[in-house]
Every structure is written in C-alpha cells, then in structure tokens.
Amino acid sequence: MELARVLGRVSCSVKYPTLEGVRLLVIQPVEHDETPVGDPVVAADALQAGPGDLVSWVTGREAALTLPNTYAPVDVGIVEIVDHAWGDRSLL
Amino acid sequence: MELARVLGRVSCSVKYPTLEGVRLLVIQPVEHDETPVGDPVVAADALQAGPGDLVSWVTGREAALTLPNTYAPVDVGIVEIVDHAWGDRSLL
Amino acid sequence: MELARVLGRVSCSVKYPTLEGVRLLVIQPVEHDETPVGDPVVAADALQAGPGDLVSWVTGREAALTLPNTYAPVDVGIVEIVDHAWGDRSLL
Amino acid sequence: MELARVLGRVSCSVKYPTLEGVRLLVIQPVEHDETPVGDPVVAADALQAGPGDLVSWVTGREAALTLPNTYAPVDVGIVEIVDHAWGDRSLL
Amino acid sequence: MELARVLGRVSCSVKYPTLEGVRLLVIQPVEHDETPVGDPVVAADALQAGPGDLVSWVTGREAALTLPNTYAPVDVGIVEIVDHAWGDRSLL
C-alpha cells in the first residue's frame, strides 16, 4: 500500500462491462511527508474520494476486492481516506 | 491502471493455444496529460481499440478477465477506451 | 520479501470495511546492512511491530494472509520481526 | 506482456520437483523496434523457442498456465514466437 | 525468474505462524554473466541452498508453492540451484 493525493478523474466511452459504474480517479503517489513519488496512476474508487483527498491504495488482485463486482479487471484501488500519516527518518 | 496511447500491433506464428484469436497491440504508457512514461508494452485487446486511441490498461491476473478464455496467459489487458482524463497538480 | 525499518503510522477516518482494526505502519525498505532502498511504503501489521523495529515484509496476495480477514484489500504485510540479517558481498 | 530476444539457456542440478522437464531460457526484453529494455530474465518455455527467436512473455501466475503442470513455481513464461511487431511513435 | 547469488541469512524472533521452520536467505540478483542487478532481497529456501550458491528464484504467489505450507505469506522463493547459465548478446 502506498499513499497518494487525488488529482482528477478519467471518463470513458467504451468500457469492459464489469467496469460500468466504477469511478476512476487520477492519483499521484506520495510519501508520508507528501513528497511525490513516481508517476500518477488511475485508481478505482469505492469510497467516494475526490480531488484533493489523501488516500491509501493497493495494487493487483486486492484492488478489485473493494468493488461490488470483484471480478472487474481493476488493478489499482483506493482503500482508505487518510487523516494523518507520520514517520521518523531518524530511526534509520 | 494506467493510461496509454496505442501505437501498433504484434503478429505471431506460434502461440500458446488459448491465445488464438486474441488481438495484441503495442501501447505506450502515458500520464493523464499524455506525457509518455516508461517503455511500450504489448497488451491484449478485447475492445477493438486501434492505433491512435487513448486507453486504460491493467496488469496481472486481471488482464485475462477481459478475454473470452480467462485462463489465457495474458498479463496486460486494455479495459477502456478513454474520452478524457484530467488532473490538477496544484493539489499536491 | 524485503527488510524494512518501521518509521511511523497511518491513521484513517474512512476505510474499506474489512480493514477495520488493521494496524498500518510506515516502513522504509532497507538492505541487510540497513542501507535504505527506494521509498517508504504503508504495510499492514499483525505482529505488533512498532517504530524502530527491523521487519521483513511481503507484497501482493500474500500480504493479506497474515490478517484475520484474508479478503482484506491489503498488498503489503509485515511477516517477521528480524533479530539479525547478514550477507557477504565478497561471494559475488 | 513484453517482447524479448532469446539469448541462451539455464541448466540446473537441483530443481523444485514440478520444474522437472521445464526448459529455461535467458531472454533480453526488447521494445517493438528491438531496443533492449532492462536486464535479461529467465523464462520457462513451452513453445520450443531457441536462441535468436523474438518472443512475447508474461509474468506472474499467468506464466505457469503455459506449462503441463500449472502449479509449477514459475513467474516468467514465453507465450508466443513473434513474426512481426510495429508501432508508430508519431501517434504520441 | 531471475538468477541470484546467495549472500547470507536472516534470523527472526517473531514470525507469522506459517513461517515457522522456513529458511530465509539474503540473495543478490545477478544476470546470466553474474553482473549484479538491483538490490538484495530475502528469499524462502526449500532446496537447502547456502551462501555462495547460484540459484534461480520466483516472485509472487508462486514462491509459496515451494514450501510445505503453501499458504505461508512468502513472495520470493528459490526454485533451483543452477549449474550453468549462458547467453549470447550478439543475438540482439
């Protein structure tokens, strides 16, 4: 799981049928201190997150477990809206 | 899931049997503002996408879920033809 | 599996239901000589590890196997609290 | 899925039992224009590919689907011998 | 699958129960010509490999297939002790 900031949305005209009704967000992975990490990805959202929210997300088969139809071909999913994340690098 | 621009096709003489009839496209992963990200990959396509289309794609076990034979050995699949994607980096 | 040093925690207001009660830690991947590797990630913890501990962690479907509800959408999990790790680079 | 050029072979004295009889090839991932990408990997081969062939390969659980024993611990598998791949970067 | 040289071991006081008795080795991924690739990882070993051995390893769900308890939360596993690997880069 990683943290990310929600940046925007994706809209589609042609979808694989089990993706009908699934909301897709553009998210930018970030560290716990909100430094961006890597490139934005597209995530399925079942928690009604929106642009500006800090979220945590999973990849792979686990992503579809958050959707009503768990056989949907989804590999990135939002699982939490995060209040607060902290880490102390001096422990390294 | 990530976005990608379809660039071309792959044709094969010898295939694992459950891949017969599966269309394979060369796609270039891109960000929501269409900046290319990383290297092109080969994706299975069940939505009749073609060169020039903007698509979203998944990896892993989920990719084969879009095919008639879900036991096909496929790990990248196109799941949507995208109309529009946007993201606001000022939210970071 | 990789090693990591636990740096901190994540707290959330909105969670996917099967994640209720799952502790989430911010961990920094490290090598066996404790050199940091890559960026911190968020891991589910079922072993009561805490900030400062050296742990080993897994990704993907295996991560959820450590939780009471193995269908939880989790893709990074702590599986061991490590006493000691060593490696001899002169073997290369 | 990605494309790769077959470079060589791997031979082993001690194998996990379900890998008996599985041919292993050293392959170099390449792009559709045959530019090498990343480092060589070791792939299971059920199609009788050989050094010099251009192939497409999958990772993860899908790789073992090409083998007689689908429970073999294999995570890279060759699924096609490729005749031709093309892509038009001017579509970006 | 990738090749690796075994460098050392990991010992743990607290383990997820299904990991009891599973040997863990520190391995350095290498190419077929033994050039190191990336960072060392921790791998489960069911073949009695030891420091100095050249091995091949798999990631993900396949890794646990080599263990007595295939539900163990393991994502890197050693599947072969390698005698010889060769590849001819002039084929590129």
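Letters A, B, C, D and E mark the chains as written, and numbering starts fresh at 1 in each.
To be clear about the criterion, contacts are C-beta pairs under 8 Å (C-beta built on N, C-alpha and C of every residue); 3 or more make two chains touch, one makes a residue touch a chain.
Keep in mind the model is a prediction, meaning the values are calculated, not measured.
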item	value
For subunit A placed onto subunit D, the superposition rotation in degrees, Cα atoms, nearest 5	145
Distance from the mean Cα position of subunit D to that of subunit B, given in whole angstrom	19
For subunit B paired with subunit C, centre-to-centre distance based on mean C-alpha positions, whole Å	31
Multi-partner residues of subunit D (each touching 2 or more other chains)	60-61, 63
Ring order of chains, beginning at subunit C and proceeding to subunit E	C, E, D, B, A
Footprint of subunit D on subunit E - complex, ascending	1-3, 31-32, 37, 46-47, 49, 56, 58-63, 65-66, 77, 79-89, 91-92
Residue ranges of subunit A in contact with subunit B within the complex	5-16, 18-19, 24, 26, 28, 30, 34, 36, 39-44, 51-52, 60-61, 63-64, 71-76
